[in-house]
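Some structures to go through are shown next.
Below, chain A partners chain B and then partners chain C, in two separate complexes.
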Partner chain A sequence: MTRWSWSRGLRARLLAAFALVTMAGAGAAAWSGAGSARAALVEAHEHQVTTSFADQVRAVAPTLSYPPDQATLDRLRTALGAGTVVTYGSARSAAGPGPDLVSAELRGAVREGDRLVTQRVLDAGTPWLVIGTPVVLTAPDGTRTPSGVEVYTVRDLTVVQEQVDRLARSALATAAFALPLAIVLALLAARTVLRPVRDLRDTARRLAAGDLGARTPPRGVDELAQLTVTINEMAQAVQTSMTAMHGMQSDARRFVADVSHELRTPLSTLTAVMEVLADTSADMEPDARESAELAITETRRLVRLVEDLMEVSRFDAGSAPLRLEQTDVPRAVRDSLAARGWLDEVDLVTGEDVGALVDPRRLDVVVANLVANALRHGAPPVLVEVSATDAEVTVEVTDHGPGLPPEVLPHVFDRFFKADAARVRTPGSGLGLAIARENARLHGGDLTADDVAGGGARFVLRLPRGTARRDLERS
Partner chain B sequence: MASLLLIEDDPLVRRGLELALTRHGHQVRTAGTGEDGLRQLAAAPPDLVILDLMLPGIDGFEVCRRVRATGEVPVIMLTARGDDFDVVAGLEAGADDYVVKPARPSVLDARVRAVLRRTAGETEGIRVHGDLRIDTGALTVSVRGEPVALTPTELRLLLTISRAPNRVFGRQQLLEEVWEHGYLGDSRLVDNCVQRLRTKIETDPAAPEHVQTVRGFGYRFGPL
Partner chain C sequence: MSRMPSPLRALPALVLPAVLAVGCGVQPSGVVDAADAPTGVAPGPTLYFVDADGALRPEVRETGRLGTIPEALTLLLIGPGPGSGDVHTEIRETEVTRVEVTTTDSSIALRMPLTVDDVTPAGIDQVVCTALGVHVQGGGSTRTTVRIEFVQLTPESDVDRTCPLIG
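Right, the complex of A and B next:
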C-alpha cells in the first residue's frame, strides 16, 4: 500500500493553510495597529516638545536687545538649555552638542518663514527631533517683525522610539500567540475531515483486498457522508454480482464433483468385472474378444478421466491435501520412471542427493504426466534433468519433437486443451497438464512450458525446497 | 483360498467384486449393511473383512471398530481416492490396509494375501526380549506370561523388526516387507500399526521399550 508522504497529506496542507492565514491576519492587524499607535505617540510627543520650546522662546525673546551681540546670543542659548544654538546672521552662540544635526534645508525653511519648523533626523541610530524657529518681535501695536535671530534645538526621541518598539513587540507576540491556537484549530478541523476520509480509505482497501462486506457507516449529511453512501452502494453492487458469479461458479464445480462421484459407483462395478472379462477373453470368438478388449480399454480411460475430474474438483474447492515429506528428489524421479518402465526410454540426469520438502505422491503425478506427454507427443530422446539451488529444486523434461507451436503455448495448461483439433483420441484425460500445474502451485512452486532452441518442448517444474527440515516422523 | 466377508452397500459393485474375488479363489460372503455384516461376522468369523466406508446405517468406521473389538479379524477398507480423512479415520478405527476405489480385483487380491500372510520368513524358534516372548514357530506372543492377541499385520510387523534387534527399519522398507506395497506406499499404515502394536505389547505405550521410534528414519526393536 502507498504511504503518503507526510508533507503532501491533507492534514499537512490544512495545517499550513490555517497557519498562513492566521499569521497573515494577525500580522496585518498588529502592523496596522502598531503603525497608527506609533503615529499618534510621535505626534503627541512632538507637539508637546515644540509647544514648550515655542513658549520658552516667546518668553525669552522680549528680554533681548536688538541687534544682539555675542553675549546676547549666548545668554539666550543658556536660557533655552542644552542642545540649543542661536544664530544671528553669521554670528552664533557657543555651540551645544547637537546643532551640527541642523540641516541646511531646515535652516533655509526657518530663514524664509516666520514660524516654527521641525525635522526628524537619525544620527548614529538615535532618533532626534530638530526644531528651528525665528525669533519674532511683536510691536506694541501687534505688528510682527523677524528679528533675524534664529533658534535651533535638538531633542532626543529615543524614549518615544522605545515606546514604539515595545508596542511592535507586543503586537508581534500577540500574533505569535495566535499561531498555536491556529494549529490546534487546524488539527481539530483536519480531524473532522480526515477521520471520515481515513475510514473511507480503509474501507476501499478492504474492498480491494477482496473483503466485499466492508462498509463505512456514513456520519452526518455533508459531502463526505454522501461520498460514503455512494461508495457503500458501489460496494453493495459489486458484492451482489460477485456473489452471483461465485454462486454460479461453485454450482458448476459442485456439479462436476457430483457427477464424478456418481460415476464412480458404476465404474467400481465395471472395474471389478473387466478383469473377469479379460481373464476369459482368450476363450472368446474373435469379435467378442475384440469387443471385450475395447470395453476394458475404455473402462480404464473412463476411470482415469473420472479420477482426474475429481482431482481437479478438489483443487477448485481448495481441498487438495498436501502431505509434505523430506524427499530425495532425484531418487523419487527415478522411482517414478522405474515404476512405469520408462528408464530405458528416458535420459535421466541428476545431481547428488537433492533433498526437498515435497509431497512425493504429487511429485510422482507431475513427473509421470510430463514424461508421458513427452513420450507421446515429442520425439526421443526425452531428457529429464533434476537440479537444485538452495531455495528450489527444478525438474526439466525436454523432448526432441517439433516443439510447441506459438499459438498452442499459452494454452498447454488449459483443461481439455488438445493441440491438434483433429486428433480426438488420446490416451490421456486432457487434464494431465492442468493437474500437474495445480500440483506444482499447491507446493508454492510452478510449472512452465517453452521451446528449446532447435526444436523440442521443454517443461520446467520448480518446487521450493522448504525452509525447515521436517523429518518423516509423525509419532 | 480365504474366506472373505465383503460389506458394500451398492448391489452391483458388491456382485462385481464378489464375482472377481471368487475367480481369484476366495470364498466370498457379502453384506449390504454394517449391521448385516456384523451379524455374519458373529455367526461365522471370516478370515478377512473387506469394508466399504460409505454405508447406510452404522458407517464403515464404526463397523471397523466393532470388528476390531470382537477379535483379530483383519480389515481392508475401500476408500475414495484423495480422501485423506477417510484414510486417517479408517486406520485409526483399526483397519490393516486400504484400497482406493474403484478397486481393481487383482490389487485387492494381492492386499488380501499380504494381510493374511502371518509369517515373516524363517521360523527359528523363540525370541525373548525383556518381558516379551515371541514364538516364531507357533506364531504366538506373550507379555509377562500373558498371551497377547495380535492381528496378522501386527504379528508380521513384530516378527519383521524383532528379526534384527537394534537395526533401524525405514517406513518404506516395512511397507514392502509387511504390507507388500511397492512404490509410494502410504507410511501412515506403518505408523498406525506401530501404535496399535505398542498398546498391546508395551508396558507404557508412550515410552516404548520394544518398538522404538528413530526420529527421521523409522523404527527399531530394542534396545532395552
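Right, the complex of A and C next:
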C-alpha cells in the first residue's frame, strides 16, 4: 500500500468518527433545545391568542341581546374578526375560511362541555389554531349554564411556524459550527497516532530494503510503543540470524574455493600421468585399455569440475574479472561454434555486424555451454540466432527436442541441478548453466530459459551493448 | 466507511431523525382544553330590591342584554317600578342616576350620586349585590369586593363590602 492511501485511510476514519460524534452530540443538544423552545413558543403564542379571543368575547357579550337574533350573531362574528363562525341552535353566522377547519371532534367538545378548547390543524401546509367555545350564562351567584351560543374561530400560526423554523435553522447552524472544531481536534488526534505509525513504517521500509540496523526509538508506554518495541526485537532477531547465515555462507564458499584450489596441484600431476597413460594405452590388453580410458575420461571430468568450481567461487567472491572489448558478436559466436566443429550441426542466423562491448572469453563460454546443452539434451535442428536492438544484443539458442518440463524450468540455473535424475553420468559438471547466467549478469545482462510453442527449449542471452555501438558505427 | 466500528455505524441513524424532528415545526394536535368559556350573555341584569320582610330579593330586569354595571345601577336607582309587586327600594330617590365605576382585579369602586344618609344598610346591600351580580355574570370572580364612594366624606366610603347573597 502506498504511503498516501495508507495514511489517508486511518486519518479519514478518525475524521469521520470525530465528525459523526460531534454532529450527533450537537444534533442531540440542538434537537432537545429546539424542541423545548418550540413547545414553549407555540404554547405561549396559543395562550396569547386564546386569551385575547376570550377577552374579545367577554367584552362583547354583555352588549349582546339574549336570546340572540341573526343580527346579534352577525355583530358578535364581526367583533371577533375574520374566520369566525357563531351559532345559536340552527341560526348561524359565518364568513371566511373558518368553517372548513373546525373538526367534528372540536365541535363535539364545545357542544358537550363548558370549556374553551383549541386544536392545531394543518391546512395545505399552513398551521392554524382552531378555537371553539360555548358562551355560558352565569347566574349572579356564579352558577354557569350553557347559553346555546357557540363561537368558533381560526387563527393563523404562520408567524410562530416561522419562528420555529428560524430556531431550527439556528440550531442546525450551531451544530454545523461545531464541525470544523471537531475536524481540527480530529487532525490533532490523528497526528499523535499517525506520527509513531509513520516512523514505524519508515523503519519497516528500511528493514525491507536491507538496512538491518534500522530501529525506531519507542516513545511513551501506549500500544504503539509496545508495537515499536516488538518490531525492534523482531529486527534484532532477523539481523542476528542474517549475520549468522552470511557467515555460514561465506565459510562454505571459502571452503569450496580452498578445496578446489587445493585439488588443482594434485590434479595437474594426475593429468600429466593420464596423458602418459593415454599415449601407451594403444599397446594394452583390451580390459586394461578400457579401464585406462575410463580413468582418463573421469580425470578430465574431475579437472573440468574443479575449474568450474573455481569459476563459481570467483563469482561468489565477486572477484571474477570482466575484460570488456569491442566485439563483433555474430563473428564471435561463429568463431565459438567453428572452434568446436559445430558449424555443420547448427543453423546460425545473424544480422549484419553487431558490435557490443563484451568480454569475448565469457561470451564464448556462454555460447559453448548453451549450444552444447542443445546438442546433448535437445534434438536437431539447433538454431542460433543473433539479433540486436539499440540497447542490447540477443543470442537465442533453440532446439527441437522435447523442451523443458514445467517442473524443471524454475531450476535449470540451479547449481548441480540435473533434469534427469537417472542420467547422472553426463559429461557436464552440473555448473554450466549457473556459470553461464553469472557471466551474463556480470555484463549487466541476463540469461533466461523457456519453451517454444510446438516443442523445444529456448535459451535467450541478453547483453547490453554498452558504449561500443557508437564506437563501432563511427569506425 | 464500510470498515467503521459498529457503534459509529449507528450514528447517522441517530442524527437523521433529530434533524428531521427539529425541522418539522408546528405539528397538528388533538382537541386541547384551554380555558374557561367566556360568559356575559344574559336576558338582563339582576337588580336587588327589598321585600316586605326586609330581605333582599333578586329580580331580573329583562332589558334583553346584560349591559354594564353603571347601566344596572342606574336601573336600580330608578326603583322597582309599578309592576314589581311587593318589593321596594331602600335607596332615596335621586335626580342624578349617573354612576362611575372603576374595576380592578379584586375590587369594584362605585362613585354613587348619594350620601350615606340616602341609603339604609339594606340599601347598601342592594347596590353591592346589583353591581357584583353584573360583574359575576360578565365573567368576574364572586370574591370581588365592592367599595361605595359616597358624595360626602365618610368612613363608609373606605369599607370593602360583599353581597350576602353572592360568594
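Please note the rule applied: the second predicted complex is superposed on the first by the 264 of 475 C-alpha atoms of A that agree within 3 Å, B and C clash if a C-alpha of one lies under 4 Å from a C-alpha of the other, contacts with A are read in each partner's own complex, and residues count from 1 in each chain.
Here is the rule we go by: a contact is a pair of C-beta atoms (placed from the backbone, for glycine too) under 8 Å apart; a residue touches a chain by one contact, two chains touch by 3 or more.
Remember, it's a predicted structure, so these values are computed and weren't measured experimentally.
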First, second, both or neither for A:L224, with chain B first and chain C second: neither
Chain B versus chain C as contact partner of A:A186, first or second or both or neither: neither
First (chain B), second (chain C), both or neither touched by A:V386: neither
First, second, both or neither for A:V397, with chain B first and chain C second: neither
Chain B versus chain C, judged by how many residues of chain A each one touches: C
Contacts of A:A24 with chain B and chain C, given as first, second, both or neither: second
Touching partner for A:L370 - first (chain B), second (chain C), both, neither: neither
Partner chain in contact with A:A54 - chain B first, chain C second, else both or neither: second
Doubly contacted chain A residues - partners chain C and chain B: none
Parts of chain A lying in touch with chain C, wherever the complex brings them together: 13, 16-17, 20-21, 23-24, 27-28, 30-31, 34-35, 38, 42, 46-47, 50-51, 54-55, 57-68, 103, 105-106, 109, 113-122, 127, 131, 133-142, 144, 147, 149, 157, 160-161, 164-165, 168, 171-172
Contact footprint of chain A on chain C as seen in their complex: 1, 3-5, 8, 11-12, 14-15, 18-19, 21-23, 25-43, 46, 58, 64-68, 129, 132-134, 136-139, 142, 165-167
Residue numbers on chain B that touch chain A, as the complex places them: 10, 12-13, 15-17, 19-20, 23, 80-82, 84, 101-106, 171, 182-184, 187-188, 191, 194-195, 213, 215-218
Chain B-touching residues of chain A, taken from the complex the two chains share: 264-273, 275-276, 279, 303, 307, 310-311, 314, 320-321, 323, 325-326, 335-336, 338-339, 360-361, 364, 471-475
